[in-house]
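Here chain A shows up in two complexes: once beside chain B, once beside chain C.
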Partner chain A sequence: MSDKRLTFKKRLHILKHHYRGKKMAPAFNAIHTFLFAPDETTHSGSHVRSADDLKRTMNTVIMALVPVLIFSMFNAGYQHFSALNGFPENFSVMDHFLTWDNFWIGIIKVLPLVVVSYGVGLLIEFIFAVIKGHEVEEGYLVTGMLVPLIVPIDTPLWMLAVAVVFGVVIGKEVFGGTGMNILNPALTIRAFLFFAYPTWMSGDKVWVYEARERAEQIADGATNVDAISGETVLGFLAQGKGAEMDAIYSTWDMFWGFIPGSVGETPTFLILLGGLFLVFSKIASWRIMLSAILGSLVMGLIFNGVVDQGWISQSSPFYGLMSFDFWKHLIVGGLAFGIVYMATDPVTGSQTNRGKWIYGFLIGFMSVMIRVFNPAYPEGVFLAILLMNVFAPTIDHYVVQGNIKKRLKRLNNATIFPKDSEGEAKELKAETV
Partner chain B sequence: MGLLSKKDTNLILDPLADNNPITIQVLGICSALAITAELKASIVMAIAVLFVLGLGNVVISLMRNIIPSKIRIIVQLIVVATLVIIVDQVLKAFAYELSKTLSVFVGLIITNCIIMGRFEAFALANGPWKSFLDGIGNSLGYGVILIIVGFFRELFGSGTLLGYPVLGDPITKTGVYATGYENNGFMIIPPAALIVVGIIIWVQRSRNPALVEDN
Partner chain C sequence: MSKDIRIKKGLNINLVGAAEQTTSKAVLSKVYALNLGDFHGVTPKMLVKQGAEIKAGEAIFFNKDNESMLFVSPVSGELIEIERGARRRILSLRILPDKEQEVLEHPIFDVQSASKDSIKAFLLKSGCWPFIKQRPYDIIANPDVNPKAIFISAFTTAPLAADADYVLQGKEKELQAAITALAKLTPGKVHLSVGASSSSTLSGLTGVELHKVSGPHPAGLVGTQINKIDPINKGEVVWTVTPQDLVIIGETLLTGKFNAERVVALVGSSVKNPKYYTTKIGAEVSTFLYGSGVNEDNIRVINGDVLTGSKSRPDGHLGFYNNTVTVIPEGDDYEFFGWNKPIFNKISATRALTFSWMQPNKKYKLDTNTNGEHRAFVVTGQYEKVFPLDIFPMQLLKACLVKDLDEMEQLGLYEVAPEDFSLTEFICISKQPHQQIIREGLDLLYKEIG
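So, the complex of A and B:
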């Protein structure tokens, strides 16, 4: 074969042999297999080979996230300009939302978050792969995409970088890398940011581009800038300003996602589509999604019931969030995003089918509960999912034990026909049950 | 060291590294988590434990032949409690602010596993001089970790060391803060200490693989 006819793939493949056994081999292999399926075939034994490997799984989730990312880039600009100029009357998607001005804000604010998240995270994965001498793991592909979508838009890039280092090293690598972690790395990063830099993660000045900057300028005495206030729906409710919120955002705004919030958590419609895509491509568990939705509805109904019964006075700090229609909890804040993309993480979630129902239900239930009762920050999805991540193995344990007990009971009650000799009967027992 | 034989030297040096009470035996964790948000509190706590453990080991060692083994725990408790009360009263008298920071944790030195552990494991079986060295060694090993943890937590959590603003003023944005740096609130809360101690354990074991337990 002449040199000219060598494809790019072949060249990479030859290079790969050149690197085999060297220290940087894992780093090279990662790039190679990221671009192409390797040429090697299995040498010994028989294996069922499937294209549905870890990388394919990860890429499917990323595909489900891309619409959300693109929407969030437009929404970044839309929220910024709407906060400055007021929300447009006679809103039309083409004229007011899908505009170049809006997208430009997305490019300068959202894209850097994505780049930093992937850059820092993959760098750490490469370093650990080279130190440990095994292949680079694909685990960060999804995490890297989730992280920019669950942080406020004005998060400083260095904070994100610090949090990513913490999340990947402490949340994942110390447990042994991809597939061994007990906590969802993206949520570990989010939780780290929340506890480390609370002023950048909560309040009414972090959700819209420039809101914080302008507030600081005004505090410094600038008079030629307009203040931006970008309170989230939940933030309004937590302060008991439900009526004020209703005047600004309609229920459809919440559903389509034209509301302020973390970068990519708002478009419930696109998240729903992504969720359906993940369910039909059998990547994510529909049991977890469905039970989490049920759990949040049940908790929401309980709170609504408490309000209806008059057990809570209007002056209570929890009244605003408790009186929020129970089903609306699903379309505001990060609940939908968390349920679809985070709770269904196959590594940190429950593995057994019955376990998935319990695990999902409690995530929804706790999310709404923490959201209502958390005095500092009216959102609790990430805390609820992290909490249930910790309990997932326990749930699985009891589900498995329960199953064993049930089958043992069936074994003891089973009627065994041939009673000639005890030995045979016992063997039959083991087979029939 | 002409004063100490090689064996005696090891009594002091071993707990500092390869037999550290916190990172290897994982004892005394509670106080390491609770009071290390500030370097100053860590140092005072280290000194307090040094005093209690050094003296306590000597006292127990002197009494080791007359303590009935059935009630030895009670006797040990009385010895620790006496010493801790002395420390507590001294702190209250001469460093009232600090004793308020340390609050209940001075009293809780009584329950510090390292102290009872050394009484049981060493002082009851060895002479006073050796017990004294063992007490000093173990409390130094405890103190070293406390000071390392306190150093990082105060530096990154509050931007100060021993109360001095080494990184600049976060309110007027001077020093490092002018670049947009901010204090890490996570380092203030006790879980951060657990993670810092975990990282120390990680570093120590990857430097010396002999310390890694077999599964």
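So, the complex of A and C:
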């Protein structure tokens, strides 16, 4: 043990008392508690407490996201170079994917998104904590990591910053901060981007680095550059170009994540591992994950059935996505990412165990539905989750009502012994309440 | 007749420092004290003045709301101090014991043939009544009400708590007398729960409905058993008594003398030789604490078990309802990166880099550190895993926080006591004070409706 660390600990302890009661105390405490778990002891109730706290909980979710982030940094480069030079023949992960060139694109494109997301978001959290005099709460630690992973790679940083300000202030702080919000903050940010800058956020030019830039150069008359197309799998399907897509991406590509899309939504395999880790560590709800998967499969099966029955013609704009194998919906687009990391948000999701089954199922069900019926922007997950966020309290209300009704029923069947002064019990049927 | 109850949801908190099953006699205490905080909701009215000489079993004060409910002195001696707090509220009464103990004697009667009213009057007069608690509200029972049933839990699952089977050995006669008497006070049944594997002599008692309970904590809490056996409805009242208090009630019925003596488990990782002591209600904790020795200086002395006990000091006094005194280290120290490093030496209900799930039988040495800061409710679904009652724990806590009386009622606040939320409080990631929230909710409901 070094004396230095002891003095550091002591110095911080003295500083903590120096800041106590002052305006900047929350800001100092946030940094202090980041370095050292506090010396707080129990005062009332249980004298011992379990080892878990909110920081640990949030940290576990971040750990489940780190592999996805690292993969997405490589994938940013991989998609960029593949769009320029064509997809490599005899693809090998070591030679073509985990390369320094690919990672460098990740560093210059993905990392700034992370930095802006955390920088702007945490700054707002600190400001609100200082103004309102409460501690800086940990909710944004996860949100800040989710945001860069669910936006298109070419999202301008200023746009992201504006969206984060909106999402954190309107989506969370106005409701009272972490634990009080109705909508998932990360998805609020994503929705803001989509609806405020729709031309930026859709089409086939935002999913791969430089695609948009080149399209603009070509439009300006440049002749020495090639256009980059970065159409997503869902984009292809929505346009009825399923065959074209099949020629480029195999099902395994979709599963491993070597496809274009929002920064971190593609690696289904790593998302699956992250999900299993979260379920194992008892941090995220397996009920929501499982029921959401079931919901999406059921909706997918219904659509496949519609196609099999011949109720829809090949010329229909919905044909491409409807005929897509039902289980493949889970490995393309943001469905898996949304189910594992966003639908399981405990604050905005359903809070009762039975409610979680309903909530999750409807998220999966509606994600695929929106995806198929909205070809202009074939991604339904974030809208489905936001919609169900709004309905989660209603679902819980009815689940809780079930418990209340059960109690009332028991009361109506009960025999009540009333207060009496004679000392003899009289049996009375309870009045209906 | 025996009925089995199996509890699945819950968590056993295995701690270092369980009491060895030997009993020593604690040295005599220099001063005895009654802590008025033990009698929740009672407004005391003094019957004797400071400096008065009182006998053991003689009334010191009564309940303002019910003048027949007397509270008696555990020993004979001089009332040397009436400690008062804000607005002259009485905090504690201190009694200097006589060398020669004098005990107030009540005329004894045949319990078997006695009437309900005479038993009630005897219990109120002899100072035994405060041992009987009621739900709803978790307060001393109102003698004017007929409880629909009486519940006694002789199954211990709380961490390190005194083992009921051990401390009740040889007390069958007293227990039987108390149960016979209490059975007359209810038109319903007297439910007695013992551990499924218990060979307790309690199983031989008559006049009770015996339940064999198994499962992790809180299977031993009487609230869990009530919920499984005969849940409380709105308008109903049940009474609860702990078995060690039944012994005092029984002895008073049989001998006519109030005997405040009880067997207390001195436990916890800070105790060198954790074991049982015979002592009296109100005795100084130090009279047996230093006999066993303590391992460190910075300790927390708890009247009761670690989950539900109240904070005390080495020079504090044994509580009116407690038969366990726990001593654990204080945790007022920082831990470098305590929130993200793997944890092997603390208990956790998750597996978020916490590894207590790998060794479910390992005994832990926990301190009083909160292991994190107070936050809003965030994580859901955790409480339900350790909360076996048919109640939505988080929804009820939130109803109490926002003081929504209707919802508190509908969600089952009548059925619970703060101790039922001790385990959810232990695992709470947001470090919310569950027991305090429930206590305040009960008080509010009592004030508005009760």
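Basically, the second predicted complex is superposed on the first by the 391 of 433 C-alpha atoms of A that agree within 3 Å, B and C clash if a C-alpha of one lies under 4 Å from a C-alpha of the other, contacts with A are read in each partner's own complex, and residues count from 1 in each chain.
Assume a residue touches a chain if its C-beta (ideal position, glycine included) is under 8 Å from a C-beta of that chain, and two chains touch if they have at least 3 such contacts.
This one's a predicted model, so the numbers in the text were calculated from it and none came from an experiment.
Of the two partners chain B and chain C, more residues of chain A are touched by C. Of the two partner chains placed by superposition, only chain B is touched by A:170; chain C is not. In the superposition on chain A, no contact is made by A:220 with either chain B or chain C. Of the two partner chains placed by the overlay, only chain B lies in contact with A:198; chain C stays clear of it. With both structures placed on the common chain, the touch criterion links A:156 to chain B but leaves chain C unconnected. Judged by the touch definition given at the top, the superposed model places A:89 against neither chain B nor chain C.
Once chain A of one complex is fitted onto chain A of the other, the partner contacts of A:180 are limited to chain C, with no touch recorded for chain B. Against chain C, the residues of chain A that register as touching in their complex are 5, 9, 12-13, 33-57, 59-60, 135, 137-139, 176-180, 280-283, 285, 287, 346-347, 349, 351-353, 356, 396, 400, 403-404, 406-408, 410-411, 414-421, 423, 425, 430, 433. Of all the residues in chain C, the ones that touch chain A in their complex are 13, 15, 116-117, 144-148, 187-188, 231, 233-237, 300, 302, 306-309, 311, 326, 328, 330-340, 343, 346-354, 356, 366-382, 384, 390-392, 394-395, 410-412, 418, 422, 425-431, 433-436. Residues 180-182, 184-187, 189, 195, 198, 202 of chain B are the ones touching chain A in the complex.
Touching chain B in their complex are the following residues of chain A: 156, 158-159, 162, 170, 174, 192, 195-200.
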